[in-house]
Amino acid sequence: MNTIGHLINGEMVSGDPRQQDLVNPSTNEVTGKVSLAEKATVEEAIAAADAAYKNWRDTPPIKRARIMFRLKDLLEQNADKICELITREHGKVLNDAMGELQRGIENVEYACGVPELLKGEHSKNVGPAIDSWSEFQPLGVCAGITPFNFPAMVPLWMWPMAVACGNTFILKPSERDPSSALFIAELGLQAGLPAGVLNVVNGDKEAVDTLLSDKRIQAVSFVGSTPIAEYVYSTGTANGKRVQAFGGAKNHAIVMPDADLDNAVNALMGAAYGSCGERCMAISVAVAVGDATADALVEKLKARIVELKIGDGRDNNNDMGPVVTRAQLEKIEGYIARGIEEGAELAVDGRGLTVPGFENGNYLGASLFDNVREGMSIHTDEIFGPVLCVMRVDTMQEGMDIIDAHEYGNGTCIFTRDGEAARYFSDNIQVGMVGINVPLPVPVAYHSFGGWKRSLFGDLHAYGPDSVRFYSKRKTVTQRWPAGGVREGAQFNFPSNG
Amino acid sequence: MNTIGHLINGEMVSGDPRQQDLVNPSTNEVTGKVSLAEKATVEEAIAAADAAYKNWRDTPPIKRARIMFRLKDLLEQNADKICELITREHGKVLNDAMGELQRGIENVEYACGVPELLKGEHSKNVGPAIDSWSEFQPLGVCAGITPFNFPAMVPLWMWPMAVACGNTFILKPSERDPSSALFIAELGLQAGLPAGVLNVVNGDKEAVDTLLSDKRIQAVSFVGSTPIAEYVYSTGTANGKRVQAFGGAKNHAIVMPDADLDNAVNALMGAAYGSCGERCMAISVAVAVGDATADALVEKLKARIVELKIGDGRDNNNDMGPVVTRAQLEKIEGYIARGIEEGAELAVDGRGLTVPGFENGNYLGASLFDNVREGMSIHTDEIFGPVLCVMRVDTMQEGMDIIDAHEYGNGTCIFTRDGEAARYFSDNIQVGMVGINVPLPVPVAYHSFGGWKRSLFGDLHAYGPDSVRFYSKRKTVTQRWPAGGVREGAQFNFPSNG
Amino acid sequence: MNTIGHLINGEMVSGDPRQQDLVNPSTNEVTGKVSLAEKATVEEAIAAADAAYKNWRDTPPIKRARIMFRLKDLLEQNADKICELITREHGKVLNDAMGELQRGIENVEYACGVPELLKGEHSKNVGPAIDSWSEFQPLGVCAGITPFNFPAMVPLWMWPMAVACGNTFILKPSERDPSSALFIAELGLQAGLPAGVLNVVNGDKEAVDTLLSDKRIQAVSFVGSTPIAEYVYSTGTANGKRVQAFGGAKNHAIVMPDADLDNAVNALMGAAYGSCGERCMAISVAVAVGDATADALVEKLKARIVELKIGDGRDNNNDMGPVVTRAQLEKIEGYIARGIEEGAELAVDGRGLTVPGFENGNYLGASLFDNVREGMSIHTDEIFGPVLCVMRVDTMQEGMDIIDAHEYGNGTCIFTRDGEAARYFSDNIQVGMVGINVPLPVPVAYHSFGGWKRSLFGDLHAYGPDSVRFYSKRKTVTQRWPAGGVREGAQFNFPSNG
Amino acid sequence: MNTIGHLINGEMVSGDPRQQDLVNPSTNEVTGKVSLAEKATVEEAIAAADAAYKNWRDTPPIKRARIMFRLKDLLEQNADKICELITREHGKVLNDAMGELQRGIENVEYACGVPELLKGEHSKNVGPAIDSWSEFQPLGVCAGITPFNFPAMVPLWMWPMAVACGNTFILKPSERDPSSALFIAELGLQAGLPAGVLNVVNGDKEAVDTLLSDKRIQAVSFVGSTPIAEYVYSTGTANGKRVQAFGGAKNHAIVMPDADLDNAVNALMGAAYGSCGERCMAISVAVAVGDATADALVEKLKARIVELKIGDGRDNNNDMGPVVTRAQLEKIEGYIARGIEEGAELAVDGRGLTVPGFENGNYLGASLFDNVREGMSIHTDEIFGPVLCVMRVDTMQEGMDIIDAHEYGNGTCIFTRDGEAARYFSDNIQVGMVGINVPLPVPVAYHSFGGWKRSLFGDLHAYGPDSVRFYSKRKTVTQRWPAGGVREGAQFNFPSNG
């Protein structure tokens, strides 16, 4: 059975005493093992990254960018293989894996423009014959800690820009589905990254804590749940590092009476149930303004849920695959039970689904709750499963108040045709990413990703322009040259023989 | 005797049980008292700032900018009074206070451009008929905690840009010399800031801790010593706030064999002894490359030190005033004694100075150490006094290694005529602000201020472009409009009578 | 009787053989005379500007900006006087003059940020140890030629940014109402502009042609009618100058069936009749989609037109003053007559108005045409008078086709509540400045002003970011320093005594 | 024999009555023919570009960028073939052709970042609830007219960015060496450009004049000699087009007494003689400060010239190939003869060279003039051949005066180690592209290329950031939404049944 190790200093390394099974969520069969790095293994990676830094830092940005160009090509050429690895370990449908990978590739495309993005500001004559400019220099060794739900994309949010900016990098992907990230890192080396510039360590808390405490690590990017994000942020910053830690979400969509309802329902189906709702940008709450809107919305959703195809991720005819683990499946079912107890109306019950041929898989149908209210655990908590809650409000302001009162502030959207409603909503809502008739307002790669409130700890957002600022530090130079040098000297040397 | 209180919600407030004396460093006479805010007083200020936020946030940036224009005028009109307050409580010479104030005004000038600075990025067609843009929205209530050494300037680094970006603000100035900051804040209100938008609380650790823990505070800017900066940063971030905390410094100047030595000496005199060295950008170490350079440098410095005029800050003929407190005076003298013990050569001894008419003042002459070496406490520690250390090295690289090995990385400079030396130095040195023949490379107001290593905790620098990013949070909107609305509808409504 | 001369090299200069009367449009009384500069006079101004250039170019941008700060104060302090001058020579109501001046001041405010705006781009390591950066250097002597309709504002679009960027300037204001521009220029000198940096010459074609042909003039900004704009552009560019020439307009507003009609009517009243329609951004055509919309629109407009107060500009109770000249009055009346002949329906006839006490003034009431069609001269031509044309279309696309077929493409707007209609319109319409429920979409001072098609000759728009690029030229520096200099030299010099 | 036609609407088109021989400069053998487009042929291309515009304009920028990514790959894969075409028709050595191509590819790389580069500026609350933003929309059909000396690179300066910005394009390459540009255009289509988006017409003045006069062409980019550039600029702008026209050059290098002379000589050899000096950025004048500098410089140059290898471009051991035509060869020889007559000292005479096996080729050795003075035709004129002039001056200022007095202001450089000399030179010299110890200061692709004085007609430079502005027009939208829409309506509709 295959054991996944680490990529350190250009070599695949294995041999840690502890290992963990890799499991196919569609069958619960063990497909391999992953080494869990000990502290010493992580330190080996840090040492490699540290050693590679000096030369990499001095490599012109355009040369670093050209490796990103080659990486893009390699990712496209190897897309099928990457998606297969994703689906085997995560369970999502291949098409969905391809969508994830495409989003990841877009971050590589953006990193190809790093010579432009690293430009500093140059000021002539800040004083008489004094100039000043800023440079955005790399930080040194950076680390990324990424979640199971986008095993290929989230690592690509981080390390391509980090290394394009001149840093070296250590990635610790999720130990549940590390294979795609590891394979992509190998493509990075194949594209031309020198050994040590990009390293991958697999592991658990021991690896994370080593990254958070080692003095040579200058910056940490993290994506995961809010409690861990908070831990990573406070630990990392207390250890003098720059940290951005992205946490949980509970994303609401407001559906206005004037919305194009068919369009909204179509959008919500994908946003709520795509990838089994295991997305930090999934819409898990639809807030309908007015009972007429709510009634029509619920009817249309129910009709669409019936048509959903659920099954093994390798079959692109399916809309949803299994959830990631048996434990996660049980947790979701627990939330559904609790929702009923707390008084919400279960309009569609997705529990008890069996997929022929995959009877041991972690399968669960799409569920729909109506009449959900604040305070219910299905509203306060991030379920991370295919469960959509409908809330009913009388006014748009009431819906906005619900959103603003929630702990999380990652994404949100509104369905309306009305310019004023859209503008009022996007201006005032206390959420970092806002869609207007766009259900998953994940910013494109040339903008930046980040929630507000307890969805993000740190100042700077992920990828896009903010990531350039995150992965570089500002140096400001002020320069004046003394008079009386060779220019005037030359005048004195040759006074007579003009 | 006058008691300085707090400015809360547009009103001067006093009455806290605890107070502290205000002392003139030139005479050690008590000139007044300052109220030390209790927790409840600070919370009153926070409540005022919180209440003022909604309207202020919705005030168009150009209107906020116009208040900055008026503030600039008021600062210029009241410059003499402000400088008098600075000198009375801090001790620095009036001219020097005026220099400080001028630097502060430049930050107000920069904040006048906030409509330009707040521009977000707009992308047409991120997908078919889908647009996306970023907005930089204010954070809410922000706080600033500022040090004694630039009582007027450092507050002006912070709150003008913070409020120009749409935040409300609470300033806690140094309790040793709070009067100028308080007076300037009153000018802010006079310029048009609504009550509650800018508040000043005086106090000590109780006030600081309240600001660091209250959930309504979104961001904290701090300038002070490194241990406190670290405390502020780790406490504030653990409480979910955005924090930038600026700490100590030990700024080295490298003097190359080809330097214009008279120019360098002139520059070093001001950079080392100006404001008694109580500046985080003061040059406290001159690193001479080659003994010939060192010998000449020390000789010229000694000759210039003799000519320094030291006395009461109200007399602009003086070059240096007193140090800020008796305790600080004794601490500096202790360092001088320790330097001798540790084997450095005291080339000029500034101790034991008496200024006629100001015999009780905290006076100390300029001191110069030669042959200082790494490990001596006069090199490892920030003395914050008029003590310049000369170190001797054989090569420029050796000098750079000393700088890079130091805990701090605030500012540094090199004196040379050689383009290659300057470029190599500014590229490689691990320091955030670099001067080339500029001894105090404080970035101008339209660039940003920040050190590296343990001189700054946080990602974003003070004032300039970085401060706009610090005092705002990114919101990204993605927008698509549904088809079938009034545009197409209108076509269907009028089909025949074209 | 007072004769207006020129401001050359800091002195008021007069004495040209030719002069022209200045006439008050409200009474047709002669209020003074203006000198018309001969070629030699213009050349004197050019020589002054040329001589002043070298020092001004080397003045740090922040110092140039501070003069703009002072100018803003002086403009605000002298606002009443400036408006009085405008009204006396142009005729517009004082309130309207104040609005114009305020817009002009906003350009001065923007120029205060010139240190930020002039920042170039700095790239580290474009090759190994090679850096490159851009500088935006001034052009030299620039000229501005401005129209009668905004005698204070349009000059302030030009010269503040031009001089803030380090150029020197020659302004030739309209010879019909030159006094406010001349007075403002004097305030510029009072604010601190050195003699020769800003010069004003009054004159006619002789002055214009001198400016267009003299080799020392580097750039010309022009605002006026399209035929003259085209002449200025082709002549100036043929003479090797950088030119931006802003011409005429015919701005259409589309009124959709879902528009907030009261709001639209209110907006149209000001946009069509404010300043007698003598604005290049005036709305002169309202395109109603659907007859129901058109009928309601016309009814509401008629009701409002009745209430308009027309009279002397010094009375702020008036909504409209006189048109600028008797000739212009007759030209407008000619268009009204022609409109009737060509088949349009004159819903309100503003001709024949007499204002008691100002019987000789150039007065004309507001006129409204309904059923205007393409091809009529009231639609093809810019009337520059208080005449609003209503066109009726069945679909929004039909309205857009009318706009796109028109020679001009300055401004346009749409009234709707519908997000999709607004986005489709703003995306596709071939017009440079677009309003969505904003009738006069004049960009704010920190954006840029410019039409499309034959409304603008040149690449770069007026004021805002584009004006910085227009008034500066790019210089790109690439720098590498040779090895073997003092840095390495120093290592060789001291090999043994480390 | 092969006849090169045109690429119109995705098809290779031929059949014009007029044709011209293609000649190999190394042998003067005819290698093929090129069709010279008649007016009707050019109009066919314009019609194709016009028809393709609407869809291309609406294609999201990221999709246009992805075609650029593919184009980069195709250019790299076909590099050898492209270089072979260049060498066959132009004569330059293959290595040199590869350098040219690489520079061209870098422009494609930059165009890959167009989603970032097209971002407009978004301002929230320019007034209460009013937003404003800028969009950079494409122009429509653009044209490029390119010279013989960089047959692959200069077209790649133009059309990749033009089409990436959403324009369609017509390229008219030099009729002497059109094959590489035509082949590259085919690669563009292969990369995914829809038919009609990119068209190539071969031709002479008839084609040029058609492009300059046709109303459908919105913008023209030209590179060539100054007289033609001036004609193109004045004709194109008079026809209402946006034009940038790059002309001739006479680039001077100042050699200071402190220069690293071996480095300078090495740099000058390539800069003066590379590609036979047929580059607009070639250094054709070395200005030595001081006779000692001059003497040493001339000696070292002479020694190096002897070693130059001259021969067929297909042999990469050669340093120089033939000049482009027999006529050009004779013109250069004429200049050499005239230089002698006018009193310059011909230190090395390159005339009369015969290359064995290529006796009919246009071969000429490297020539070196000493003691050249202003006014000599070898100094006033752009020779465009392997002729380097040495001028002797006593001071740096004298050298700068010579440069500033020259008609052209394309590129220049200085050789020095001194920071002050370099800064003074780069600040004050009236030249658009400045090198400090960099002999050919061609800006990298992410900066922009442009000379000053009569080297460039137009405001905006080629490629880099300026090209984005050149190939797009600014549209500014101002938006306010009326109150009383669905948001408030919804509140009224459902008041009781909460």
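When the chains are written out, they are named A, B, C and D in that same order, and each has its own residue count from 1.
Quick note on the criterion: a residue touches a chain if its C-beta (ideal position, glycine included) is under 8 Å from a C-beta of that chain, and two chains touch if they have at least 3 such contacts.
As the structure is a prediction and not an experimental result, all values here were calculated from the model.
Between B-D and C-D, more contacting C-beta pairs join the chains of C-D. By the residue-number overlap criterion, the interface of subunit B with subunit C counts as same, with over half of its numbers used by both chains. For the pair subunit C and subunit D, the distance between C-alpha centroids works out to 35 Å.
Measuring from the averaged C-alpha position of subunit B to that of subunit C gives a distance of 42 Å. Centre to centre, using the average C-alpha position, subunit B and subunit D are separated by 47 Å. Annotation for subunit B: residues touching 2 or more other chains are 62, 115, 119, 121, 123-124, 126, 134-135, 416-420, 422, 436, 444, 446, 479, 481-483, 485.
Looking at the complex, you find that subunit C touches subunit D at residues 121, 123, 126-127, 130, 132, 134, 233-234, 237-238, 240, 242, 259-260, 263, 417, 422, 426, 431-438, 441-444, 446-450, 452, 454, 457-461, 465-466, 469-470, 473-485.
Here subunit B touches subunit D in the complex through residues 58-62, 115, 118-128, 133-135, 137, 416-420, 422, 436, going by the rule given at the top. Looking at the complex, you find that subunit B touches subunit C at residues 62, 65-66, 69, 72-73, 106, 109-110, 112-113, 115-117, 119, 124, 129, 131, 256-258, 289-291, 394-398, 416-421, 423-424, 427, 444, 446, 479, 481-483, 485-487, 489-491, 493-494, 497-498.
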